[in-house]
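Note that subunit A is present in both complexes that follow, paired respectively with subunit B and with subunit C.
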Partner chain A sequence: MTAISLPRALPAGRTLGAAILAIVAVFALLGPVFVPGDPFAQSLMKSLAGPEPAAPFGYDHLGRSLWHRLAHALRLSPLIALAAVATAGAAGLVLGTLAALRGGWTERALVVLADALLALPGLLLVLIVLAIMPGTATGFWAGLSLVLWVEFFRLTRATARATLASPAAQAGRLLGFGWPYIFRTHLWPEIAPLMLTAAAFGTATAIMGIAALGFVSVGMRAPTPELGLMMVELLPYWREAPMALLTPVLATFALLLGLTLLAGGHRT
Partner chain B sequence: MTLLSATDITVRDGAARLVAPVSLELHPGEPLVILGETGSGKSLLAQAIMGTLPASLRATGTVRIGGCTLLAEDRAAFRGLWGRQIAVLPQEPWLSLDPLMRAGPQVAEAHRLVAGLPAAAARNRAAEELAALGLDTAAARYPHELSGGMAQRVAIAAARAGGASLVIADEPTKGLDAARRDDVAALLLAALTRSGGLLVITHDLALARRIGGRLMVLRDGAVVETGATSAVLSAPQAAYTRDLIAADPESWSRRVAPSEAGQAVLEARNLTLSRGGQRLVDGLTLELRAGRILGITGPSGCGKSSLGDALLGLLTPERGHITRARGLAPTAFQKLWQDPVAAFPRTRRLGQTLRDVARLHAAPPERIGGLLERLRLDSALLSRRPAAVSGGELQRLALLRAMLANPRFIFADEPTSRLDPITQREVIGLLADLARTDGLAIALVSHDPVLIDRVCDETCSLPMKRGEHDTLECSDLLRTAIG
Partner chain C sequence: MTILVSRLVQALVVALLVGAATFAMMRSLPGDAAWRIAAGRYGYDNVNAAAAEAVRAELGLDGPWLGAFLQWMGDLFRLDFGVSLVSGQPVIAEIGHQLGASLWLALAAVGLSLVIGPPLGILAGLRPGSLFDRTLLVVSTALKAVPQFLMALILILVLSVQLGWLPAAGYGQPRHFILPAFALALGLAAVNARIARDAMAGVVAMPFYDFAQWKGLSRAQVLWRHGLRNVSVPLLTYLGLQFVLLVEGVVVIESIVGWPGIGHALVHAVFARDVPMVQGTALMLGLGFVMVNALIDLLAARIDPRGAR
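What follows is the complex of A and B.
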């Protein structure tokens, strides 16, 4: 029945999400190539000045080109987020499969650990790690990975448990197939679409987390161009230069909207 | 006078016609049985007559019930008839009763809300009716405290409370064993009053025989044969009806057991099994020999599948020993599942799955072709995914896959309970052939004692387990008849 009601074509929302992300990525990677410039170069004469050919988005309060700062910020957060999601996804997949496979004490210990981490607010956990490694991308990566793996672990464990108990996986065992084959043919096709959705949401969460901590000035340190940091730096000048403040806000919004659309388009 | 007459009922799903124009009439006091296998359109026909078709399907034709004439496409018009003119008997009585409400108030509610009686009168009527059905003590109980038969009677009382003269029962014996099936037939006939009507939809020949009246055989949405039930069943005219009757286990000839018993493949001694803290099998001893078929029967939930898991080494017994014959590969013990679709990787093409198995067991790829021919399967099926193949074909493919592993023992867990009778006979016949020609030991699980009786050389029946008290009694009753 579900096969009939599913549309054949890629859902429109997903296509839109992918398109938004592609535009953001092209800007982040190629923006500084088209308009060369330095995101750190200050020129107080141009403080809060409007757009010009060398700085298509204008200047911030210290006279730094917003175009170049934004392009760098849009490389930094997504890179940290993707690295954290990749680490968390791999860890969640391995540990979730292990828990479903072994059961018993292995499973119980992992579930208790995951639940304990889940009980802590995610940002608090990232802050604790950042206290050890202040203001570094590595600190963000480690903290976010620690928060995000729980989701992947829970998804994998639930799916793997049901799949491993299914007649199909049982038949595979009885026929003499090893675990790698069972994983490849039975588990992965079931888990992969869920993992992709969770990865898109996880990336959005991570980018938001980095921006939020930057905004409250406990994340990346100035003068690093970072989305949250840029917002809080420009906030005092919202009356004089509203467009300058809106630039990082719109970029963050586009990034999160794209990821959410990409994740939400999935149906099972 | 006719109670109900349906003229030229057609059901379509887009361009595909699922039910060809079918007309039927229901006379007072005379039951009508619609007989057909899964996918014959019998339930769709009934739903079109009741106005309960899913919204994605379109019905045409006219239905005359009592004094009113209705168009089949106008579903909303049927609502007023539900409960007052037509009573529908649900398939699963336990699921159709409110689990949080005692039986008595459920029936009284129908009297009050559908028939419009005042609360006190509704309570009295409900009590009277339940008493008439032999359920005086059940009125104060919750559905989970009722047996299946009692729940079914409560459901009948509730369904008929609105004063409907016409009862429609869709597969009322689905999943029931033989004894319960006869109870349901008696109950339906008792509910049929002199002026009332009864329409029974079933694939079960035994139920059709018990209900009697008139019979309509349906196939691919078209009527194959109609007539008096006893006449059609004793002297079928259409070839399809003959096949259908011949496929009923009742009319199978008994399998001739091989004269000398083969080598023992698997032995279980004093086997005790528990699952989820409940003891399922207690002190069972059995032996499986090459070329022999052991039948395992018992009501659902009695531990048939758990016994299979233990024999296959998937479940560790609480007590007792299972000994496999020496020199057999671990993969010589295979299983067939009730739902073959669930037994294949969902996203992989069948050919790919089979080639993987052949490669693992170092069988040449031609072996698949040979087995396909032997199991009368089309090689075109190999390019499809499991969901796109019919149940009967897929179960044979599952058998093929098991054969690639060179099995000595196959545990067949209700392998045909979801197949129609004709396919069932084919699959069971193939299994029996393999036992003879390849010297396989087979354990065949079925809830149909007749089928077990016809096919199996030995039988092991597991008793029902319900609660602690029953378990004690059951362990005394447990008997094994192993040759």
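What follows is the complex of A and C.
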């Protein structure tokens, strides 16, 4: 069986993905430290000007440094995405374990709820939550958490059911160990690697969602530097300054490719 | 039969969720909904307090909470979606109008992805580990990392702006289909190809596949009779799950290329706080997912009767 499923993940794909993400993270965190500047400062004299020492990636249509805007954009969406994934992962873990432990109506109700959420497009839910919540960043966080917990819940529940029925976990119960112990020694080692993959996919989904809604002008508001928003702002100036548009495009691609590689292609 | 019952329950809960979410949206809108709706109707320059009050009285925007919710859900289950707050047209009519445009785009995208993805995946799965298999893995991994809106952006820049081959946006002629359908299809094809490849590699490794070749069938006959039927079930099931991905893509792509479909309408409705339209479109999309998956369950049971649950 090992021979046929050989190229499931790219050889050394996870390492490559982690390396790409590390480069992006270093740029986002340290870029503005090496080259100090303000992502909001405008200078129309420098509209769409090329790179210079104070702005290594050149300027956008309003003469704002792309280096600094990109660094801030690369902090914003990953931060929201990680917060949403952390919330969703915790909720999915707790509810999934609860469903597997309790069974009966608790499990049935949670499964029905998760299935129904699965039927609704994620971006639609995010849009509705954005309309309800005050503040775009918190709205994204809440909406994406609501969308992403389903995947963690399903993974946890499926794994927990199988593990709790295993002889090892049953024996642990019979020996009188409590649930925290069973969870730590039997469940968590099974679930943890799955959670890492799901978290990488979830982060990628969240970043894509934020960028997609930014791109169609219903996400983050200007002048916030955000990847999708930067693309749609720079799109009209494609002919004059193609590199200015390619900067956020390539950054988004690198970020998502890194996450996809890190996940390892083992979805479901 | 149990399949259909569980799908029916799913549809019911979807309707409940959509109803609750849109009710919450209606109630907790930041700002004055009456002003926004009036602005949506008459234009931002022509709104005054009188117009907003007229809208408020007409729509009953203030009143007790629970009664309004029950009435809201009652209307929902009688499939009475009301009228669009912005255009004043019945929501049903508006959706019926837009659904067609979206459906054609979605079908074109799925068809295109099925022409591109599975054949390549099956070819790779027939020789696992070959150069072609590895190349396909690299290409599909890279394609998966490109969100649909970015794909649309790249296609617009390359095909319309630089080469001038296709219109960047528009609707009505067959050539308007090509760009948005490709933008949606390439991402779907990347995943389709992986699913088909894994399924095919699994089937090729089975003893029955070797036996079919050994008893003298040609390669094409073996592939046709023993390969494709076994590959089609996981592919079909996955297609159902991809439906949500497709709908999400349709919502975004339609807004980019100005396609007069349900996704475009939804984004506009959310933006203008046109809650009845949001409710109608969301319900339509959610129930569409359940229906497509119910059909796929039935079809999969027909193709592979062993797995009947």
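A few remarks follow.
Basically, the second predicted complex is superposed on the first by the 251 of 268 C-alpha atoms of A that agree within 3 Å, B and C clash if a C-alpha of one lies under 4 Å from a C-alpha of the other, contacts with A are read in each partner's own complex, and residues count from 1 in each chain.
Rule of thumb we're sticking to: a contact is a pair of C-beta atoms (placed from the backbone, for glycine too) under 8 Å apart; a residue touches a chain by one contact, two chains touch by 3 or more.
The structure displayed is predicted, hence computed values, not measured ones.
Model built by superposing both complexes on subunit A: subunit B and subunit C fit together without a clash.
When the two structures are aligned on the shared chain, A:253 is found in touch with subunit C, with no touch to subunit B.
When the shared chain is aligned, no partner comes close enough to touch A:193: not subunit B, not subunit C. The partner that reaches more residues of subunit A, of the two candidates subunit B and subunit C, is C. When the shared chain is aligned, subunit B comes close enough to touch A:170, but subunit C does not. Once chain A of one complex is fitted onto chain A of the other, the partner contacts of A:117 are limited to subunit C, with no touch recorded for subunit B.
Applying the stated contact rule after C-alpha superposition, one finds that A:185 touches subunit B and leaves subunit C untouched. Touch criterion not met for A:50: it reaches neither subunit B nor subunit C. In the superposed model, the vertex angle subunit B-subunit A-subunit C (Cα centres) comes to 80 degrees (nearest 10). Figure legend note: subunit B and subunit C, brought together by superposition on chain A, show a least Cα distance of 6 Å.
Judged by the document's definition of touching, subunit A residues 3 lie at the interface with subunit B and also at the interface with subunit C.
Taken together, the subunit A residues at the contact with subunit C in this complex read 1, 3-8, 10, 13, 112-113, 115-125, 127-128, 130-132, 134, 204, 208, 211-213, 215-216, 218, 228, 231, 235, 238-239, 245, 249, 252-253, 256-257, 259-261, 265. The part of subunit A that touches subunit B in the complex is made up of residues 3, 166-168, 170-177, 181, 185-186, 189-190. Here subunit C touches subunit A in the complex through residues 9-10, 13-14, 16-18, 21-22, 24-25, 28-30, 128-129, 133-134, 137-138, 141-142, 144-150, 153-154, 157, 161, 194, 198, 201-202, 204-205, 244, 247-248, 251-252, 255-256, 266-267, 270-271, 273, 278, 282, 285-287, 289-290, 293, going by the rule given at the top. Listing the residues of subunit B that touch subunit A in their complex gives 312, 314, 329-331, 333-335, 337, 339, 342-348, 353, 356-357, 360-361, 387, 398, 401-402, 404-405.
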